[in-house]
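Pasting the structures here.
One chain, chain A, links the two complexes that follow: it is found with chain B in the first and with chain C in the second.
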Partner chain A sequence: MLFTSFDFIIFITLLFVMYYTVPKKYQWKLLLAFSYIFYFIAGPKFLFYILLTTGSTYVSGIKIGKLYEDQSLYLKANKELSREEKKAFKAKVKKRAWKWILGCLLLNFGILFFIKYINFTIANINWFIDRLNDRETLSFIDIALPLGISFYTFQTMGYIIDVYRGKYPPEKNFGKLALFVSFFPQLIQGPISRFDDLAKTLFRENSFNYNEFSFGLQRILWGYFKKLVIADRILVAVQTLIGDTAMYDGAYVFVLMVFYTVQLYCDFTGGIDITIGIAQILGIKVQENFIRPAFSKNIAEFWRRWHISLGTWFKEYLFYPLSIWKPMLNFSRFARSKFGDSIGKKLPVFLSAFVVWFITGAWHGASWNFIVWGLLNYIFLMGSEELKPFYSWFHSKFDVQGTLGFKLFQIARTNLLVSSIRLLDCYRDVPGTFKMVGSFFTKNNFNIFVDGSLLEIGLTSADYWVITGGLLLVLVVALIGRKGSVRELMAAKPVIVRRTAFYLLIMSILIFGAYGVGYESSQFIYNQF
Partner chain B sequence: MKKIISIFLTIAVGLGGFFSVQRLLVPKYTKGIVEGTLIEEYYPEAKNHDVIIIGDCEVYENISPITMWEEYGITSFIRGSAQQLIWQSYYLLEETLKYEKPEVVVFNVLALKYDQPQKEEYNRLTLDGMKFSATKLKAVNASMMPDENVLSYIFPLFRYHSRWSEVNSEDFENFFGKRQMFHNGYYMRADVKPVETVPSGRILPDYDFGDNAYKYLNMMVELCEENDIELVLIKAPSLYPYWYDEWEQQMEDYSRKKGLKYINYLELVDEIDLDFAVDTYDAGLHLNVTGAEKVAMHLGKVLSEEFDIEDRRSNQQIAAIWEKKVEFYNEMKKNQYEELEQYGYIKSLKGE
Partner chain C sequence: MKTLLSILKDLHPEIDFETHEQLIDKGVLDSFDIVTIAAEIDNEYGVSIPADAIVPENFNSAKALYALIERLEEEE
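Here is the complex of A and B:
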């Protein structure tokens, strides 16, 4: 069910009415039922996977929790034990808990790997087989990707790791855990919530709150505005430019880079706005996933502002554990002894970051273009880290830091870097992407910007006006948002201003939105991940 | 109290804005493709017709109700639109019967060739003009293509929102209402394009009309029986779309079985003196006004003689209404001939 379909709007309306009508103790059960209906509509056979993940995580969580409970009881009952004895007992319990978590991680990441990456793996094996002139290549497996599998697997594994770490006790109610895993607004494209964060409002009894409803509705509308008015309108041109690389090379590559950046930004942030808004009208708080990423002054800052929940997940559950992993510490010691303190300290970080960015790339899609994209991010990040002395030298010579001009330069540079490597996502072919980027420098067709060629890629001049107007509005809202909540600011305005703005927003979506007959219904881009 | 007024005003302004924008953006069909206006012209009419004619372009371009009035005093109205599918005809009839009970319903059988919804654009031409009702929803439900949504028929803004960049003077001029364009559902064309060749029908894999089409024909028969209305089936004298012998046989068998009058005007071309060198405006697909008058002459005769439709010309009240219709009809015919004389084409139809 597309978020942008009439069916979905009816679905949400029905849920909303029922949610505040049923006795409060049934609210979370209703949410669970609706989440599973949503998932069932996406594909009944996918229910098996999400139930398997939920079930295995539930059992592992309960087992780990029981071990910790028993440990606590045992230690309370045996206070006379020495420190060493206690430590030894805890280590024994941890070892048993480790078996459960390991099994759970292997099973669930195994499912994800098999479904999402098996054909990619086969393709790579076949590539080697071809090179060996062996004609017996492996056959591909016909398997469909369950809705939101990357999101719910990561979210669930985050939960079980936290339980293992003892951050919070396991959820004993299977239904509640099932709701945490399947909560439908965030199932399609995240954010990847943490259990302790989401559970606070997801399972509580929520009363209708007009302000929350109003803010939530505004957030939903703002999401629809970005998705339907901008992202889905520009989508036609993006598809045209990707669809014929022989025709649309040179300067068109730059156009595609800009258009895809606009589309992805409005699509993804719009989708998250809808998710957060839906949750909010139900009294549930879902974490923010973006903080005006387009204003980032460097790549590291960009990744702290863009898809925050994914970055946080990798940092907490992969980067840090990897950095303090025993073999990594040994490697660090080895590197220091061989290459000196400076390089020796950096090498483990570089290695951990490499692994994280390789997996980040692969998380986005089972193909080399995503992996290369991840690794280019890695190179930019590590490169900027290594260039810090140069930056210091530069700023000591030129007093530009803090000036508006330099800030704008930094923002433009960051966006250019981030956008340029996203072309890998567009062309989905690593050598092809580099060839297309190369054509920008070799093919002199910059006249397309003035000879009307840009009106022949699926967009009329009216479309350009709508997109430009929409982006200006997005920019203004983002600029205002730096000083505080735009919705709270609006709430302080006279009623006539608020209502007018509200109606204008609705009417602009209804009129300028790319939906209905004549427009291709488009799923959110991050849905495919 | 203040809050209630504020809420009321907010809702009123919102709805007012929504419906105003919707009214502005829906196509007005007063220039070019004018067929989209056919269905809605029925509602302001006095609902006292003796005969209701339903079907596709083979009725609204091939039969002149004004001629039937002038010659036989029959009051009739055509409820037809472009590629009007049989279920749309059925539901239009169902809707019509809520307003009035005619003596006879005439249905053109070409629509039986379609067993499933065909094209969203044609659906719109017929259904957008219907007033909102449960019958309309049933018609929409029966007609929708897979990518269509019923909500866009209830709120056409969802369908036509992208017209914002095409809004022109036609939309503003017709914002509050449209001028009358048709003659009791008849679309007048005075121009001539003679038939030169008649292409033969291509071979079909199956000549049987579909079950769905028959289902609605049966429903139409039952609806007429329930309302004590005579149903007459006709095949208008259009040379193509090709009318196959196998189709003809099915209609003959069906009408015989159901005891219905069936007239195939393709077989009466000589009898009604139809000349495809002068009586068609598009080389045989549809008749022009002279052709439509010839068909109306014959159909009127059949209706008055075989179905005893009363001659209403002596009823002063009705005659006064129809006098204006005749005047409008003659005026338009005269104008079209003048335009043909002067420009070689009917300028007013192009909205020039």
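Here is the complex of A and C:
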């Protein structure tokens, strides 16, 4: 069920009415029922996977929790034990807990790997077999990707790692854990919530609050505005430019880069606005996933502001543990003795970051274009780390730091770098993408910007006006948002101003939204990940 | 404490680590710095910082970090 479909509006309205009508103690159960209905509509056979993930995580969590409870009781009852004895007992318990978590991680990441990457793996094996000549290649497996599997697997594995680390006790109610895993507004494209954060409001009894409802509704409408008025409108041109690479090369590649950036930004942030807004009208707080990423002054900052929940997940559950893993530190020590302190010191960071960005790329999709995209991010990040002495030297010579001009230069540079590597996402072919980028430098067709060619790629001049107007509004809202909540600012305005703004937003979605006879709204881009 | 301060100074000579109390909250230390510090502590003190101890409260000041090292030394 698409977020932008009429069915979904009915689904949400029905849930909303029932949520505030049923006795409050049944609210979370109703959410669970609606989440499973949502999932069932997406494909009944996918229920098996999400239930398997929920079940295995539930059992592992309970077992680990029991081990820790027993440990605590044993240590309380045996206070006379020496420090060494206590330490040995704790180590024994940790080892048993480790077996449970390892089994859970292997099973669930195994399912994700098998479903998402098996055909990619087969394709790569076949590539090697081909080179060995005349050998029989492996057949592909016909398997469909369950809705939101990358998102819910990561979210659930984050939960079990936290339980193993003793951050919080396991959820003992199977239904509540099932709701955490399947909460439908965030199932399609995240954010990847943390259990201790989401549980605070997901399971509580919520009373209708007009302010929360009003803010949530505004957030939903703002999301629809970005998705329907801007992203889905510009999508037509993006598809045209990707569809015929022989015709649309040279300067068109630059146009595609800009258009795709606009589409992805409005599609993804719009989708998250809808998710957060739906949760808010139900009194549930879902974490933010973006902090005005387009204003980032370097790539590291961009990744702290864009898809925050994924970045945080990788940082806490993969980057830190891997970087300070004993064998990694031993390797670093070995490298120090062989190549000196400066290289040895950096090795854990460089190696772990490589693994993280390789997997981040693969997380986005089972193909080399995503992996290369991840590794290019890695190169940019490590490059800027290595260039720090140069930056210091530059700023000691030229006093530009902090000036508006330099900040704008940094923002433009970051956006250019981030957008250019996203072309891999468009063409889905690594050599093909580099060829197309190369054509930008070799083919002189810059006259397309003035000869009306851009009116022949699926967008009329009216479309351009709508997109430009929409983007200006997005920019103004983002600029205002730097100083505080735009919705709170609006709430302080007189009723006439608020109502006018509200109706103008609805009308603009209805009038300028990209639909009409035969139009089918597109799925969110991040849904495919 | 002297060794820890020297590890920190190596990373950011411009910061007064003896008084700064918001190294994470103010973005002085990023994730790369944190990992480098953890590796250095392992090297100098022989203490492994577990991943779940990497939280702002433990890395916001040199004092907090030193307290973490002492805690871990006691546990080991």
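Keep this in mind: the second predicted complex is superposed on the first by the 524 of 529 C-alpha atoms of A that agree within 3 Å, B and C clash if a C-alpha of one lies under 4 Å from a C-alpha of the other, contacts with A are read in each partner's own complex, and residues count from 1 in each chain.
Here, contacts are C-beta pairs under 8 Å (C-beta built on N, C-alpha and C of every residue); 3 or more make two chains touch, one makes a residue touch a chain.
This is a predicted model, so every value here is computed, not measured.
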Following superposition onto chain A, is the placement of chain B relative to chain C best described as a clash or a fit? fit
According to the stated criteria, A:G65 is in contact with first (chain B), second (chain C), both, or neither; which is it? neither
Just to be sure I read the superposition right, which of the two partners does A:F319 touch: chain B = first, chain C = second, or both, or neither? second
Given the touch rule stated above, what does A:G365 touch, chain B (first), chain C (second), both, or neither? neither
So, A:R499: does it touch chain B (first), chain C (second), both, or neither? first
Touching partner for A:I511 - first (chain B), second (chain C), both, neither: first
Mind working out whether A:R165 is in touch with chain B, chain C, both or neither, as first, second, both or neither? second
Considering only touches as defined above, state whether A:V349 meets chain B (first), chain C (second), both or neither. second
Spot which of chain B and chain C makes contact with more residues of chain A, would you? C
When the two complexes are superposed, chain B comes to within a least CA distance of chain C, in Å, of 45
What does chain A use to touch chain C in their complex? 87, 165-167, 300, 315-316, 319-321, 323-324, 326, 329, 332-333, 336, 345-346, 348-349, 352-353, 385
Listed in rising order, the residues of chain C that touch chain A in the complex are 30-32, 34-36, 38-40, 42-43, 48-52, 54, 75
Residue ranges of chain B in contact with chain A within the complex: 6, 10, 13-14, 17-18, 21, 25, 120, 147-149, 151-152, 157-159, 161-162, 164-165
Per the touch rule above, chain A residues touching chain B in the complex are 6, 460, 462, 495, 499, 503, 506-507, 510-519, 521
